[in-house]
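Structures for review follow.
The same subunit A turns up in both complexes below, where it pairs with subunit B and then with subunit C.
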Partner chain A sequence: MYAGKKNGLVEWLFVAPALIPFLIFVVWPFVSSLYYSMTRWNGFTSPVFIGFDNFGRLFREASFVAALSNTIVFTLAGLLISNVLSLLLALALNRAGRSKAVLRTVFYLPGVVSFVTMAVVWSSIYHYYGPINEILIRLGLESWTREWLGNFDTVMAALIIIMVWSGVGFGVIVFLAGLGSIPADLYEAADLDGAGAFAKFRYVTFPLLMSSVTIVTFLGLTTSLKIFDLPFLMTNGGPGDASTTLAMLIYKQAFSYSNYGYASAGGIVLFVLVGFISLLQIKATRGREVQL
Partner chain B sequence: MGMRIAQAAVMLLALLFLAPFLLFFLNTFKDKDHIYDTFHMPNLLYWDNYSRMFATSDFIPSLGYTILICLFTLLIIVLFSSMAGYIISRTRNRWISSLYLLFAAGQIVPIQTSMLPIYKIGVATGMINTAPFLILVYVAGGCAFATLLFAAFTRTIPEALEEAAAIDGCSRAGIFARIILPLLRPAAATIVVTTIYWYWNDFTGPLIYLNSGEVSPLMMTVYKFMGTNNTVDWGPVYALCFMSALPMIVFFLLTQNRLLKGLVVASVKG
Partner chain C sequence: MRKKLGVVIASMLLLGTAAGCGSNDKAGSGAESSASSASQQASPNASDTGGEQSAPADGADSEAFTITVSSWNLADEPLGIVKAYREAFENVYKQKYLNATIKYNNTPGDKYFDLLKAQLASASAADVIQFQPSHLPMFTTAGFLADLSDLSLVSSLEGAMKTEVTYQDKVYAIPFDISTNGVWYNRKLFEDNGVTPPATWDELLAVADKFKGMGITPFAGGFKDAWVSSMTVKTFTMNDYSSPTFEEEVYNGSKKLNGPEMQATFDKLQLFYDRGYFGPDAMSNGWDLQRKAFEDGKAAMIIHGSYIAGLVNSEMQDKGGMETGFFPLPNDDGAPVLSVGSDTLTGVNAKTPNLQRAKDLVAAMHDAEAQTIRDKDAGVFPALKGIDIEYKELGNHDFQRALAETDSLLGGQYVPASVYDVYGKLFTKIMAGKTFDPAWLDEADQAYAQDKSLLPPPGQ
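Right, the complex of A and B next:
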């Protein structure tokens, strides 16, 4: 329908307003970060090319290794707990009848609140004089009380709980939509074949939910790999390095210590991690999806 | 029997999910002596925290600032990406159609990977610590995402409509403005109700690019207010947090049907 040189120009003019900011603020920064990651650079003097030294230094440094392992723990725990919990909730809500809409709203509500607000609210919950310790004392479990965020053993769990609280609603919505799209006659056919409740879940519901699993897993992975606000605001990575994440370490190296080259190398590692896991994940789950 | 237990468990969990909100809301009414008294039922007519918050924080200017930032960001994103999405889904030009993949790949670049070069651009242009700079950064990332959605939505619009208009001598821009754009309104609404939270609630962006402006976006104001009131006076901090979360809670309750539908569409197509 449309052809010719003039049309080509018109088409480029249409995409230009979205494309130009994207090239300047997404593509160019990414490409130049690749270069900066191989330099020694404090942001004021010009960068000095040092090859892969920054990367070698990263993996030798204990704080980076700690941040990397914390990030992986965040990601795996968040992924597992959120996926399982939101699937269970969606299965329950799917049969909840009239209360379904209200419950859906309740579970999604934490997702609309900012991490800043969450940090304030949950800091008070985990506070030494906060409700958790208060309830433990009233139950006669005084020996269990502690500074939840100031303790090496509990700080990660405390933060993971908040992440799950804020993220489960999204999973519930996606799984509910997935459940709603499964044709009822498949269950009828399973009934005729004498399938029990578990068999129906295993052979009908679960395979047909794989695309929902893909979505929830993919978004969960990328969000938790990049997690920054929550530990930054609540613990500042502490105690020690116990809750420092990769994103936080990069931020601090850049803006607190002006190690721009080093921070860029960290940024590339984070990108490779996010990119690699995203690819892997898409491949793995796409293969198992059932096409109707 | 098993069903009953499951329902009870879900109800209990729902209450647990709401508990932080309740505690948060009640805390805004607690005076200094009772702020750590969890089971103290505060007097809901005690407005001291709110009045002190209004007196000592920049809540009102920050609220206006954040509304403006969200408004401009979303308006520009909707306009630019509906144009791009329309063309990308209709073009025969391989370069333009491959932008779809470029935009999709851009989604996975973490802010920590690109923040330093972006910061440098801000310093070099003198735009750092201004709202337009933050909006530009938002637009660049947001357009990529929204373009994917608009492209997917445009594919559901039959091309016959455009052919008829083209035969009547309508230009490409005219076709877009008169035929496509009105039909993309639901897609635009979906983008607004699903992504407004990113901009309203964003903390990392202002922390890096808009840290020392005369006025701060809301989340930055809360952060700074926390710093000045820390461990001394939590009442006004709770009040400020509550007031800055309230608009999004209300917005969510009003638009949730579209949001919940849109989330699924957005995540499938995005």
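Right, the complex of A and C next:
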């Protein structure tokens, strides 16, 4: 019994170097934010406990509802457009032969460009006197010209295009790695069975790519749900609340307005949302993974 | 609360005019000599500052140390004005602290204030910090700012400038500048087309219509930047405050931010949009492109603060410079109201281990000669008495005259930051084609109710 206790102590000592920083830098801030979410606190003076008032206010505020809705649109767009496009590009690149390496680099490049640089370039592209409107005018479509980032109908689409452009390369790389790991003899067997290209994709490629789908979808979902820098730099959430996201709302409430209690409540809601959706997604995709 | 800042401004104007006599338009030697004399009057010689840690007046401190300054406007810029200013006040400081190293923590724009608040809350802020008047009540109640009442510079403060930095009878910051927002115009464009600065709202609309008819955008827009949107709305709001004590009345609950005053402001902004006064690219442009449209003559006017005349003239030097003019945004009866205040306050972090050294650095940063270097080409107007600058730009002369002759108030003193953000946001909705609905202002009223606790009660 004594030896068991001693072993337990030794085990804790081995775990401690990782556990202590984790408790201090991850668990404690999270537990603290749970408490602060139930306070009115400006970050400087003592917090005042107000129960669940902040959460009630969150769901009553039009700006929060707008931010939640925009965040979900970004997430769905990332999930549907980005993933599908990544997969299609990866499939095409997988058959590209010698140009594969070059094209892979080209597709991945936008992902390594800093958001600030990207914001400058895309702001010029979307500017009222930018190339898009210029092309439309030359095509005789002057009535279609507009301020792409300053218009309620187009701002989200304009931002989603940038999000997909910058994120698609990562998906391509992961899918290419997944495609490379599928044994060629499975395709040979499918050929012998008379399977066509679509049948091979449906019954061989896609099931064996599911682990890649899980990774790309999980990372894409968590990134999209927390999206901040793109709308912050491009539109500051405008016009109105048309492109405000949850992360932006939390940032503004905390750092611009000094409503740290309210911002913490927003952070908790975002945490629950990310956690819940991610769990659903992992459950949905993991169950379809095929192990060789 | 409304008051003429005439006493302060008129004295600045008179002293400036006197100092300018005999100097040429290039504002070089005249400004320097006047600055030197001002320096003798108002220069914050380190030995003037109070405090028990003060070094002997007749001996410099040779101890090596590093002192930090955080700001959003002390970084190098293309014109080199800020660099020259930094060198000037560093020289002043090093007369007392021979081996001091001044380290600058510069963060651009809006992000600076967010960062500063986080640094103050986590006790990691710089020794000397720059901020804006809206932050002062919160910083003082939280105990972040050292009391600067014993600085000799305080005697150079009076009127609204002193009110702005005083909290519960103690002075917690030194204002660097006095500023207001209004309408700057392209002087040549106005003169070439026989247009005179409008005095009433109807005259303003007529001027705008005239330029629009000529294919020139009446007002340059740059509302991609949130601060430009909020600042533009704030410029309009002052004329629609129903009384000089409007903000106190809102604080006391007798007036509302979704009432007729703010509705009138947004109706005017809606009118500007409907008539296309801000041009088709107003939401695509940030502050840089807004300024460029004005400099290139594509827009006749621009609504901004005191910095415009010096800035555009300097930026247009290779094309022979640019003369501007200034007038307050007119209201219906030709008696506009300006929101006057300081854009930059300098304070000392209460937790600094270098309290006296930090106070002395604040004093050096407001040295008359150094400040003149910073101000004369950048169109910054010193808030301290005794710093006399002969500005070469005609627009700056207009600006000084407008400050002296126009009713003014300390706008925004009792309005939380979130409300101005809401105003800016609502304005961008108008600019994006939505028609203003008075119910939109409920959001501003709600933000006010939520964040009222962040404001100091009127009178403190």
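Some points to look at:
Definition applied: the second predicted complex is superposed on the first by the 268 of 292 C-alpha atoms of A that agree within 3 Å, B and C clash if a C-alpha of one lies under 4 Å from a C-alpha of the other, contacts with A are read in each partner's own complex, and residues count from 1 in each chain.
Going forward, a contact is a pair of C-beta atoms (placed from the backbone, for glycine too) under 8 Å apart; a residue touches a chain by one contact, two chains touch by 3 or more.
For clarity, every value in this text was computed on a predicted model and none was experimentally measured.
With subunit A as the common reference, subunit B cannot sit beside subunit C without a clash.
When the two structures are aligned on the shared chain, A:Lys252 is found in touch with subunit C, with no touch to subunit B.
When the shared chain is aligned, subunit B and subunit C each come close enough to touch A:Tyr129. Shared-chain residue A:Ala62: touches subunit C; no touch with subunit B.
Judged by the touch definition given at the top, the superposed model places A:Gly240 against subunit C, while subunit B stays out of reach. Of the two partner chains, subunit C is the only one that A:Glu147 touches; subunit B does not reach it.
Of the two partners subunit B and subunit C, more residues of subunit A are touched by B.
Of the two partner chains placed around the shared chain by superposition, neither subunit B nor subunit C is touched by A:Ser46.
Of the two partner chains placed by the overlay, only subunit B lies in contact with A:Gly266; subunit C stays clear of it. Shared contact residues of subunit A, touching subunit B in one structure and subunit C in the other: 43, 127, 129-130, 251, 255.
By the touch criterion given at the top, residues 3, 6-7, 9-10, 13-14, 17-18, 20-21, 23-24, 27, 36, 38-39, 79-81, 83-84, 86-88, 90-93, 96, 99, 102-103, 106, 108-118, 120-121, 136-137, 139-141, 143-144, 147, 159, 162-163, 166, 172-173, 176, 197, 200-204, 208, 219, 222-223, 226, 234, 237-238, 241-242, 244-245, 248-249, 251-253, 256, 260, 263-264, 267-268 of subunit B touch subunit A in their complex. Residues of subunit C that touch subunit A in their complex: 110, 113-115, 117-118, 120-121, 138-139, 141-142, 144, 223-226, 280-286, 416-418, 421, 425-426, 428-429, 431-434, 443, 446, 450-451, 453-454.
Within the complex, the subunit A residues that touch subunit C are 40, 42-45, 57, 61-63, 123, 126-130, 147, 149-152, 235-242, 251-252, 255-259, 262. Contact residues of subunit A toward subunit B in the complex are 1-3, 7-8, 10-12, 14-15, 17-19, 21-22, 24-30, 32-33, 36, 43, 89, 92-93, 95-96, 103-117, 120-122, 124-125, 127, 129-131, 134-135, 165, 170, 173-174, 177, 211, 215, 219, 222, 225-226, 228-229, 233, 246-247, 250-251, 254-255, 260, 263-264, 266-268, 270-271, 274-275, 278.
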